[in-house]
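To start, I am sharing the structure in question, which I have written as structure tokens.
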């Protein structure tokens, strides 16, 4: 009986997560456009709904009903597989993400996470790694020069930044003595990791920007010179999958930054509910992402690689060595 | 692990540490020093090896277990390490000019050899399957790369590819055996493994595991049924690397086989039968196939298979004498094989490849001294007294017959008579043919030194084997 | 216990694939389908595509990058468990890993000096 | 003890070989080689002068540890049997040098080095008192001999050299196994004297006997494994043939005497009939083949097989006359056949043909040469008054005593030898001087005379007054026989 | 709890598939993937056994296997690149200049 309840709860949580994550891009695109507009001294979408609020919905319907176009030369199977491969990993990662300790709903204690893995951090990196397959398959299967080049670049970029990202969190693991995200947050009850791990945070955040392929590291999509990168040939709903995936990654990176370096749901000074604290912090970083997009220029590709390998990686290694000697 | 234990362990593995540190320094240094500084790397690498040898000598006095039973510095490993040092240093000497001629000279070449050396040293000292595996892989990874070092030469690429694929398969088989051992005995230490099986009749699962492990190791020494890579790799690899591989990694493979087989695990089983079959088939194949080779490197490849077969006979004998005989065999084989390869390497000059046996026609007429050396090496390889090659075989036979394997001994000598045929065929070519063309061997002082050293070893050990015999026996008996 | 931790992963994966499939299905009911050769050509800014998209140059830098990733990513695998227990194993444990890191840095420095990190399009 | 005479004898040629490597001039090489061999012969004569004929004990013994871990020693020593062979080896050594004075005109230095190394090893074989040392010398001989045949031989030299090498190698490797088995059965020693006293089980003896038999039979050679010999002889240069016939073939028989009989007495007695049969076969078969030859060298080579059959027949007759005859016959064969090869070589240098029909009437153009040829031919067919007569007579009487059929076969062999040798002599030397028409033939010169004359002296000396030679071996043979018969009769 | 035999069976199946792939497939890249299968079957064994014995050694061994295999594959791919530059083929059969 307990088992069934537990299973039901899990299924419910999973369904809830999927729903949230699928719907979240709607407000996010709207926000992005609005913020972009205001930064650039214009209004952004205004026509559909109040201040363009329904614009994302319209976009969604458009994408849903648009012709699904597959080039003749394409490898059809991989072409169809790639968007799903790109879509799934960020969603799956959220299974391991805690949003808080517990809340009481109708008298029952419900945990604010789906699963508390003892190796959650490894799991996150492992699953995020799969994202690369979606990118590379997508570009390869389209069999278009732009797509292939774009996918190779994206792939190179993602794997380049994965390394400093992975190295950057080792300091956090040392502090928490655990790879469980829950434990990591609990370990920050008094002091947030950002205090001890400023370098780690810097590296992680910058790498996260690159991982999410956001400006200033959005070389892969570089509309200016590569068409649209690896998803040049995608249209309609399949293209939408890539978009959703991208927003999910943005969200994910923000969430991870908050959990790993900014104390998760631990608040300071103002006694807000933990979940609210958490969401506020996440919202801040999501805003940061959007803000960066419209304030920074794009790097050149060689600069991009140089930053990853020659700056972030040594920094993160130094971070490990220094943190290690301090905390061992 | 306490600080003292760590320090003791580091001390015990000092030679390895020296080699690896030296290799790392050279790796970085190599990028900072300009091109055309080949001699710097040769001498620096030699210095590293000499330092390691010094360290080994200083530590040779006692048995030092290290790293919580994963590693041991004992007489056995010291003996093998010296074989490795000799092989590596001589390879350095031979490589200098050859690398220049082939256009493959770079610091990486020497660094990889040093890393391979460290891998072999770890193999010789490993007492845990994990450290064994790490050493093994360190060694083979370097040899994979070195095999393919002639980047513009498709033959070299192909050899490397074959080597890497077959090598990986053999590693996988070896690991599968290890995983079974771990599953059945709950330990990966050689001692613990042995303790888990002594007394009882052998579990079939364990036998399977042993067979898997043996199969993996057999690959490294190039014995049947995992010999097929040997000729291709030997032919395709740069000749210096071929020389190195035929000596160093082979000896390392045997070091491991002996370590595993010295344990009661195999002593308690009928595994010797499997090994005996391997030995016979290996030797037969190597000897007979070598008969029809025209390419010198291929011939030497099959010859090395045959020699591996003969050495495995010593493993079959299994006793202390058998172990010592294999060790002595490897030492002697290193000498004579590096000598003969030294000649082949030296012949590579200008447009002359020196790989075809017929190329050597009439060599004795223009270069009587070198031909005499070649004669010495070849007769030593054939096992004719008073060369060291004879004593090596003799001692293996003594060990075999001591254990009562007279029939195996008879088979071994008959096959070695077959093998003798192709060695003296080369003698025939160099002494009894008219020269087809002028020879211009790339004789540098380093090559001369190598040839002199190996010749001295080949003749010296043959005439005065006592000291070396004692060394080998001491390495076994003394723990 | 251990099974339950990873069960949600399965649910999530199945769920998201299901949703994606459903969306695709719904979309296939709604969307038009009108392919013709010109539309199905790969996009090349309006030029007729020539040659194989992937058959061109084999970009070695990408490959080197992949190898670097493999090396570093796998080494990170050793760092994680070590980081978890660092406090228990103390300074000795740190020294041991420091040696490992040092070797890693040597490799990294070599790659850097060798120019593997220089990106030339 | 004083001077290590045997070591001096053994190592003089070896040291000489090293010295030769330093020379450049071919003539200097020749003269030095000659000097060394003569010096060696002088040492041997000195050794014989000091030899005590009244004891079977090993004399001039030297024992030094070599590989003590395995019980290997450097042990030299001689008794009557080996003394004779040491002397013969030294005697033939300088004759070989003379024989190759002009015959070898390319790579003279290498040739002389090989020759000297060869001699050192042969002496080592006869002097060795340690099985390991014996084996090392025994097998190491393959290297210089292979080169002598292969480099300086005739047209088919490569094939011949290979055949020689592989036959002997295969045989001696089995011998090696036997040696090691003996080592363990005999209490981990390679000391030949220690091993002779052993009481090994009969089955061990049988196995060892056959292992040894293969090695020795190849060297002798006995019939089924003789085929390398004609090739090797024909293709080898004159000096090579002389060494082969004079010394190398003796080693097989020496092996029987030194190892098979004393160490494996029961097996030796048990299988003596078989050995007699093989010997008889060799005598008759070799003779018949010689009869059919048109090639001078081949004829002599096959006659060797036949004559060596006499030797083994005598040895395995296992009685005093047979043994003494066999040993004496070994010495005789060395002298006579060596001389015959020398003569063939000399004439070949002049005519460059060995085909008997090409010759004829040699007597008229080269009377001195023909006289020597006559003497050695008669010696080879055992005419009374020549050396072989004594030996063959002893063998025959021993053979008849041991086995009637074997003796009869030996008589047939003797008759056959008369037939082919006289036929050869007639066709070569008598008749019209057709040969002079085609070749310009000069008679023997002083150098050649110096080489032949000593051999002729020995032919007549042994033929007319064999006692000194028999005295040398007498005590040792009696001791050997006693060993074999006391142990072997227990069977 | 999943019984041990299931893990071993999975390992065996993977091993067989991998071995078959190495032996039968002709594309070098596929061969390399099959090699990975072989090694992963080993890893499954190690981890499963380690779990049974409640011993870390199995996991440690598996981590080492993964790491070293990565290096091995890196080397293999490097060689493949060199080969492709020289011959531009990925078929094992095309790579047979030498007799063996």
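Going in written order, the chains are labelled A, B, C, D and E, and every chain counts its residues from 1.
Basically, contacts are C-beta pairs under 8 Å (C-beta built on N, C-alpha and C of every residue); 3 or more make two chains touch, one makes a residue touch a chain.
The model shown is predicted, which means the values in this text are computed figures rather than measured ones.
Visitor: Are the chains other than chain C still all joined, and if not, how do they split up?
Guide: No chain C: A | B, D, E.
Visitor: Over the chains that touch one another, what is the least number of steps taking chain A to chain C?
Guide: Step count on the best path from chain A to chain C: 1.
Visitor: In contact with chain A and with chain E at once: which chains are those? Just list them.
Guide: Touching chain A as well as chain E, we find C.
Visitor: Could you name the chain whose CA centroid falls nearest to the centroid of all protein CA atoms?
Guide: Here the chain at the core of the arrangement is B.
Visitor: If we define chain centres by averaging CA atoms, which chain lands farthest from chain B? Would you check?
Guide: A
Visitor: Centre-to-centre on C-alpha atoms, which chain is most distant from chain E?
Guide: D
Visitor: Which chain pair shows the largest tally of C-beta contacts?
Guide: Counting C-beta pairs in contact for each chain pair, the top pair is A-C.
Visitor: How big is the gap, in whole Å, between where the Cα atoms of chain C centre and where those of chain E centre?
Guide: Inter-chain centre distance comes to 20 Å.
Visitor: Go ahead and note the Å separation of the Cα centroids belonging to chain A and chain B.
Guide: Using C-alpha averages as centres, the distance is 53 Å.
Visitor: Using the average of all C-alpha atoms in each chain as its centre, how far is it in Å between chain D and chain E?
Guide: Measuring from centre to centre gives 65 Å for this pair.
Visitor: Measure off the straight-line distance from the CA centroid of chain B to the CA centroid of chain E, and report it in whole Å.
Guide: Spacing between the chain centres: roughly 26 Å.
Visitor: Of all residues in chain C, which are in touch with two or more distinct other chains?
Guide: Each of 66, 73 in chain C touches at least two other chains.
Visitor: Where in chain E do residues touch two or more of the other chains?
Guide: 71, 78
Visitor: Report the complete set of touching chain pairs.
Guide: According to the stated criterion, the contacting chain pairs are A-C, B-C, B-D, B-E, C-E.
Visitor: Using the touch definition from the top, list the residues of chain C that touch chain A in their complex.
Guide: Within the complex, chain C touches chain A at residues 4-9, 11-13, 15-17, 19-20, 23-24, 26-28, 30-35, 37, 39-45, 49, 52-54, 56, 59, 61-62, 65-66, 68-69, 72-73, 76, 79-80, 83-87, 89-91, 93-94, 97-98, 101, 104-105, 108, 112, 117-121.
Visitor: Quick one: in the complex, what on chain E touches chain C?
Guide: 63, 66-67, 70-71, 73-74, 77-78, 81, 84-85
Visitor: Quick one: which bits of chain C touch chain E in the complex? Just the residue numbers, please.
Guide: The contact residues of chain C facing chain E are 58, 60, 63, 66-67, 70-71, 73-75, 77-78, 81.
Visitor: Give every residue of chain A touching chain C within the complex, in rising order.
Guide: Going through chain A, the ones touching chain C are 6-7, 10-11, 13-15, 17-18, 22, 64-73, 83-84, 87-88, 91-92, 94-95, 114-118, 121-123, 140, 142-148, 152, 155-156, 159-160, 162-163, 166-167, 170-171, 173-174, 177-179, 227, 232-233, 236-238, 241, 301-302, 305-306, 309-310, 313-314, 317, 320-321, 324-325, 327-328.
Visitor: Would you tell me which residues of chain B are touching chain E in their complex?
Guide: Checking each residue of chain B against chain E gives 129-130, 133-134, 137, 141, 144-145, 148, 151-155, 157-162, 164-165, 168-169, 171-173, 175-176, 178-180, 182-183, 186-188, 228-229, 231-232, 235-236, 298.
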